[in-house]
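Note that chain A is present in both complexes that follow, paired respectively with chain B and with chain C.
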Partner chain A sequence: MPSSAACKRPENLVEGLSSKDPGTRLKALRDLKNQIIGNRTKKLRYVKLGAVPLVSEMLESGSESVVLVQAIATLGSFGCGLDAGVEAIVKSGALPYLFSTLANPDEKVVEAGARSLRMIFQSKLTPKYNILEDKEMDFLFSLLNSENETVTELAASIIMHSCETTEEQKALCGSGVLDKLALLLEGSSNQRDASLDSLASVVKNNREVVSKFVGLHNGKVLSSVNGLTKDRSPRTRLLACSLLIALGRACPSQLQDIESKADLVRILVELVEEPGRAGDEAPRALGDLIEKSEEVQKLACSVNAVEKLCKFLHKGSIQAKPLAGILHALAELCSNLEDNRRLFLSLQGLPLVAEMLNHESVGVRIAACICIRNISRSVKNLSDGLTDKSIVIPLIHLFDDPSIEVQVAALGATSNILVHFTTHKSIVFECGGVKQLVKLSSSMVSELRVNAVSALRNLMFQADKMCKENIMLELTISTLASLICDPEPFVQEHALVLLRNLVNGNVDCINYVFAEDGLIINAVTRQVWNASSVGICIQGIYVLANIAAGDEFHKEEVMRILFPLPEDGRNQSILIKFLQDSSSPKLRVATLWCIINLSHLDSPGAVDRIARIRGAGITCAIKIMVNDPCLDPKVLGPSLGAIGDNWPK
Partner chain B sequence: MPVRVVDNTQIPQVSGVNSGYTLSPCTLLSVGQAFAGTQNVSSIQKEEAWRVNVRIQGCDLDHGYLCGTMEALNVPLAETPVVTFWEGEIVDNKNYTFFTGKWDAKPDNDVRHWSKFQSFSPLQNQVEADGGKSLDLSNYPYIFMRWKELYFVNVGKDCGLTIAGFYYVCFSCSDGSINGFYYDPNSRLAICCPISSINVGDDPYSCEGTTSSHGTAQSSTCC
Partner chain C sequence: MNFCTLGRYRGGLSLKLGRSGSNSGLDLVVLPLQDTFNYIAATSIMSTSKKVITREDWEKKLNDAKIRKEDMNKLVMNFLVTEGYVEAAEKFRMESGTEPDIDLTTITDRMAVKKAVQCGNVEDAIEKVNDLNPEILDTNPQLFFHLQQQRLIELIRNGKVEEALEFAQEELAPRGEENQSFLEELERTVALLAFEDVSNCPVGELLDISQRLKTASEVNAAILTSQSHEKDPKLPSLLKMLIWAQNQLDEKATFPRIKNFSTAALEDPSI
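Up next, the complex of A and B:
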């Protein structure tokens, strides 16, 4: 009929929602609900046409149950899997009204309200529920105690969504939430899943709560979670695995034995192939499980995790969230094991990951950067042509990404790629990468500064003279000097290594250190004498060692820094202090190298320098190093001692 | 090249079942370090000495892994220096033992080559007895390795040279000297690179190199 056809046009349907005639309004509402269920495109269309506030209004005015149920269900549908829908719902002010429906005398309204809220609370855009407020906590517990299954599931979902801080975890734990959630584990499959999900939030990174959970009912609850890893439902298996992983991450002793880990790996790798949410979320859980554990990464490899994940990448058309999960798992699989990296490359995974650098989702871009960073930890892969313009250029473009996290990840990946010793440093110059790295090294965000300076230091590593000069042209002496004194210790350390690489093996490059009234050498001097960490001190000494490999002037300048005149007010025995530093063999070795270079007999002023070094009592300190507990200083020390024996008396 | 053996060298022994230890870090064998020396190639027809530069590009002691480049400068008939990329296995009894177990190297080949290094002599009896599994090499002042060239960096595979064999290498932590012997059992009248060529058999071709004691260092780190 013409009228019906007209009503189904989106604009007319939205108009119908504000009709004064209750019948027309209800019909429009029903039509809207039917149109948008499971249809993302239509949901978006109606959100843009302003349907959500009109539906929210229907909750306000004491509508009949039949209208309420339809309106609630429609809002739930808008909020299901669509951030724009959730945003519109929150903006329309519907959330308090939706909560109030849970107290409605009509059970159908309560059921619909709980279902809708549960869907809305799955989105990160939904505001956090304030667990720390007594009134809100009481309400949450009233939901947990409800006889309505959906309401209890909602309570668990709210906990999962809102419990983030240690304080919130403690408050929930202190209120007895663990017992309540443990009870839900014995309920319906939906209650079980909701409980597992929220338990993972409550125990996350909290050793204290983990120990309470593990001891619950003499360990029976933990056993039942273990049992659920073999449940018939893939989703339950996944959530049980995720909870066990969260327990293990918060308290490693909870997931120590290799058989338990092997079981989890096997289950998760099988789940990767499941359709639906379980399959979508399994790679993320797998990535979390194998993170930082080479042993577990090997287990995952033995059940063909790399092959299975690569197969999915090749299939394409994956939603952003599962795609980020797959990339996360692949990144972890390739983080330590060279065999996994080789396998990943042989399966042609890298070009696909490179494409993901341009993905619209921030999470995917970050995961792709981390994946490339981990693959490029392999020097062999780098030198074998792993990186070309198709990877380096998109990475450099990401230096301008609107997300700081993406920028940090892109810098991390670039930093590793720049270790490459033959080519590709030039690509960075060609596309303006050095200029951007220098710009980011002055960012207000310390993580960006750390990673940008780290990338510059690797760019400087094994660079030829022209490359070094080009870097310094962009970086400038004053910027390098200020980076050496940056408030962030990691920036200081990277900047000193950058300088160490700059002055390595080239006398001309050493002159940068003394240019502009000695801005750089003064900064290095301050760091060597007042370093806040041993790492910074070691790099400062290596800078001096490399300068001391230069000409006579350079050696004398290093002597001036290390053996100041008494009127300079500095402790004469700084080298002895470093040689005797029991906390760091690396510092002892760096100091030995510095002395080796200062006392090299080929240079004309060596005799005088040796006399001053001996005068400072350093020979004895070196000779004692024959008993050094670490091999490196132990074998280097006597070599120098032997030279010392031949020094002119 | 004769290798200086440290006085009072003790046979490093570990008690109980040994699963090996990660070797102690050695600055002379770290990323960025460069070595220069000669590679002496001898055959029935001729004696040659190629100048060789080695640079360490990657080092992962936990996994007994080392890699780098080797540049042979005056290879006869080659228009440019020939650069190869190699990967190294560090003998630590954790990741790798003295026995190669591949590349057509049998235990007797291994012992024969290792015993060319003087610094191996304190270990030889134990290696012959149990493969050296009970030796704690973590603080031994020499590091034993196998270096296997994987590909040519700057010339094609058809450059007339071969990299089919591998090197037995001994590195001195105290002076940074490297000694190596090339092994390629299948190479008969063949060319090998960066060591040349003819009647290779398993004759020793030594590759010597030292760092200057007057050295500088650079550093890079992968995150």
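Up next, the complex of A and C:
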């Protein structure tokens, strides 16, 4: 037993690795191996002390099998679950030597080599194996054909690790990898799991490979995968489900039948409760399965998925990866169905998710944000604490997060929540949220700009005058004008809605539009006349409609934009064009509102404006709209009625 | 183990064992029972009382279910191998010609590990597992923690207080930081040090021999899984299924049950 204190000191042990005496060296190596296996802290410590290159050297110098096996196992352990370890191994140049051990005449060395390489190939930091090169591909197939089970598992792991592009998938498929992997499905349970795992990466998002796989041996392979979803081993059930989900995602017709979807949902929900890797990874697979499909979300609901996941969250002490998976699945469950959201809130899920906003793992923080975003899609649940400080403040803190992805997700969630804030908008100011949003709205990352402007837009929604003024104080007129002309169309659209909310219902606020030499109104004019999408056009017209609800000056300015003088060189019939736009009923309604506000009889210039509008041939276009099948009569009725009342016959 | 008893087992379960697609699948096809259910379901509509199946009818049905001797032998071999009775397995192999689905020498290694834990030589057990397959403890944090916890328990048992504290700090505390439930278990274990009379303290059961057995069986299961072998023998779950099936049938019919599983004798239905 190596229990004397001196022997256990890491520095001494590392020294022992370079001892001249082979006996001392081997003993140090064995001790090192036994100390680091299962112990992340120690692995890290020994990596820092430079143990990895010393162990790698032992592979190079043609050592005897006993030493080789220990050295290989030690390297494998350094590479297991520790990025720094993998980096050190790659840097030490040990990978080629490890591969060469697979040709060693001693079966024990081969076994150890295959195990260690397999662990190293689990890490994302391990360089990709070059599948596209003929020589490498041949070697990979020699591994797949090996008599040694562990070596075949290694081959499957390499495929899973290195097959990413369509080209690589095609190359592997062309070399007959599907047949080989199908053969492994018949092997031991470890081979079967490795095969399922790598099949998922070979078929991923590749319709062509999927159809090949499905047709393999007249569909027998597919049905054996189906059978494996009911295997006794939880891990196998999970991997078989994941493969079927990957097939369905690449080629939706493969996973059409509701029965098989229901089966998958049921199996995955049950797996969530399994201890170990199967349980850890099941929520993520469940989330992938129910993503964007209301039908499957309903199925999940019928097997109490929300209850089970919430129960799990309440248990606490969940590791980061499964936790992110659970939040991801819950977010998907709450993305469309109001019943699920209500259920989630009634199970007190929200405070738990709010806590996760401060989690140390990036993945968990992102998933928590997305979860809150999806729950706050519901209008009915507003009062249930969504506008609570305990959610808003941590979200705003995340605007500063080191990860851009977290920032984007936090902005998305905040944006949704802000719509519901009617009375507590001041919270956002108090904790510096507006300043942050404005800063992010000029970010170089377009996703951040889109979400930041969208959040500001929602903050502006139905805000009181003081709140609007405070926002503009931070945002400034010039920034808003440049956002309206942002290169990203979504930013343009959100910026126009922000402006529409700003000028809605308050004459004083309309003045912002004309301040600083009309920076903003000029930007709006450009967008209305040259918009790249209908959505932008609609919002531009609504901005004008809201301005037209202002005073006499405002109305005349809108007239000037919509009915330019011939010398401006603009097409006179833009309103007619919009009224006759067959692609978008919304644009037609927006245009009607604009006309209604311009021709409101309470203002002195109305008669003159009506005459000009009529002169442009608008009446005819409006009359045609009475029979417009796309327009909602509830909207159209009052609109046309208003025009009828206001316009002198 | 009484092989004779097994030989006489003729229940209504038709067994299909062994490598069928996957080597771990115990594919239980409950066909004859299902037929019986259907048959009873069809007749019970007429009468409210339970259908009675006479011993004669039942035995006839049982005789119709053909079970291959080889399958039964595989079942026995599976039990011996999984439980680690290496000598019995060797003997059974020679007598029955049944090939074990695992290399018998690996059983010896596995049993050596199990025995080391059972005797309290945990460090020795850990080294043995690592020689067998370093992946086992590197990919099973829970098992690794339980082994280290057992090591701590043994140190405390032997009164090595200082060494125990150092070990807890050095080896176990970092695991507790990684996992909340480990931390709770660690706290429970260290609590052993707080009591003078450990045999009478609230966490005293940690010192019980059953704790060693629990840890030993966890290691045993992990080694089996790493060898692509199922961690539990098939036989006990088969017996459980037999009991379940009898209870199911009991709700619908009166039939000759097996009550004594060591003799597998059919008991006449009481009418």
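To be clear about the criterion, the second predicted complex is superposed on the first by the 624 of 649 C-alpha atoms of A that agree within 3 Å, B and C clash if a C-alpha of one lies under 4 Å from a C-alpha of the other, contacts with A are read in each partner's own complex, and residues count from 1 in each chain.
The rule is simple: a contact is a pair of C-beta atoms (placed from the backbone, for glycine too) under 8 Å apart; a residue touches a chain by one contact, two chains touch by 3 or more.
Quick caveat, the model's predicted, so the values are computed rather than measured.
Asker: Is it chain B or chain C that touches the larger share of residues in chain A?
Answerer: Of chain B and chain C, B contacts more residues of chain A.
Asker: For A:41, select first, second, both or neither according to whether it touches chain B, chain C, the two together, or no partner.
Answerer: Once the two structures are laid over each other on A, A:41 reaches chain C alone.
Asker: Mind working out whether A:80 is in touch with chain B, chain C, both or neither, as first, second, both or neither?
Answerer: After superposition on chain A, A:80 lies in contact with chain C alone.
Asker: Output check: A:319 vs chain B and chain C. Expected answer is one of first, second, both, neither. What do you get?
Answerer: In the superposed model, A:319 contacts chain C only, not chain B.
Asker: Once the structures are superposed on A, label A:388 by its partner contacts, choosing first (chain B), second (chain C), both or neither.
Answerer: Neither: A:388 stays clear of chain B and chain C.
Asker: Examine A:189 and indicate which partner it touches, taking first as chain B and second as chain C; both and neither are also allowed.
Answerer: Once the two structures are laid over each other on A, A:189 reaches chain C alone.
Asker: Now for A:164: first (chain B), second (chain C), both, or neither, which partner does it touch?
Answerer: A:164: touches no partner chain.
Asker: Looking at the overlay, does A:415 come into contact with chain B only (first), chain C only (second), both, or neither?
Answerer: first
Asker: Chain A residues touched by both chain B and chain C?
Answerer: Chain A residues touching both partners: none found.
Asker: For chain B, which residues are in contact with chain A within the complex?
Answerer: Checking each residue of chain B against chain A gives 6, 24-27, 32, 55, 57-58, 63, 65, 67, 69, 85, 87, 138-139, 141, 150-151, 153, 173-175, 213-223.
Asker: Which part of chain C faces chain A closely enough to touch in the complex?
Answerer: 21-26, 123-124, 126-127, 130, 133-135, 137-142, 144, 171, 174, 178-181, 226, 228-230
Asker: Report the residues of chain A in contact with chain B in the complex, numbered from low to high.
Answerer: Within the complex, chain A touches chain B at residues 338, 373, 376-380, 383-384, 412, 415-416, 419, 421-422, 451, 454, 457-458, 461-462, 497, 500-501, 503-505, 539, 542, 545-546, 549, 585-586, 589, 593, 596-597, 600, 602, 630-632, 635-636, 638-639.
Asker: Taking the touch rule as given, give the residues of chain A at its contact with chain C in the complex, in rising order.
Answerer: By the definition above, chain A touches chain C via 1, 30, 33-34, 37-41, 73, 76-77, 80-81, 115-116, 119, 149, 186-192, 224, 227-228, 231-233, 236, 275-276, 316-317, 319.
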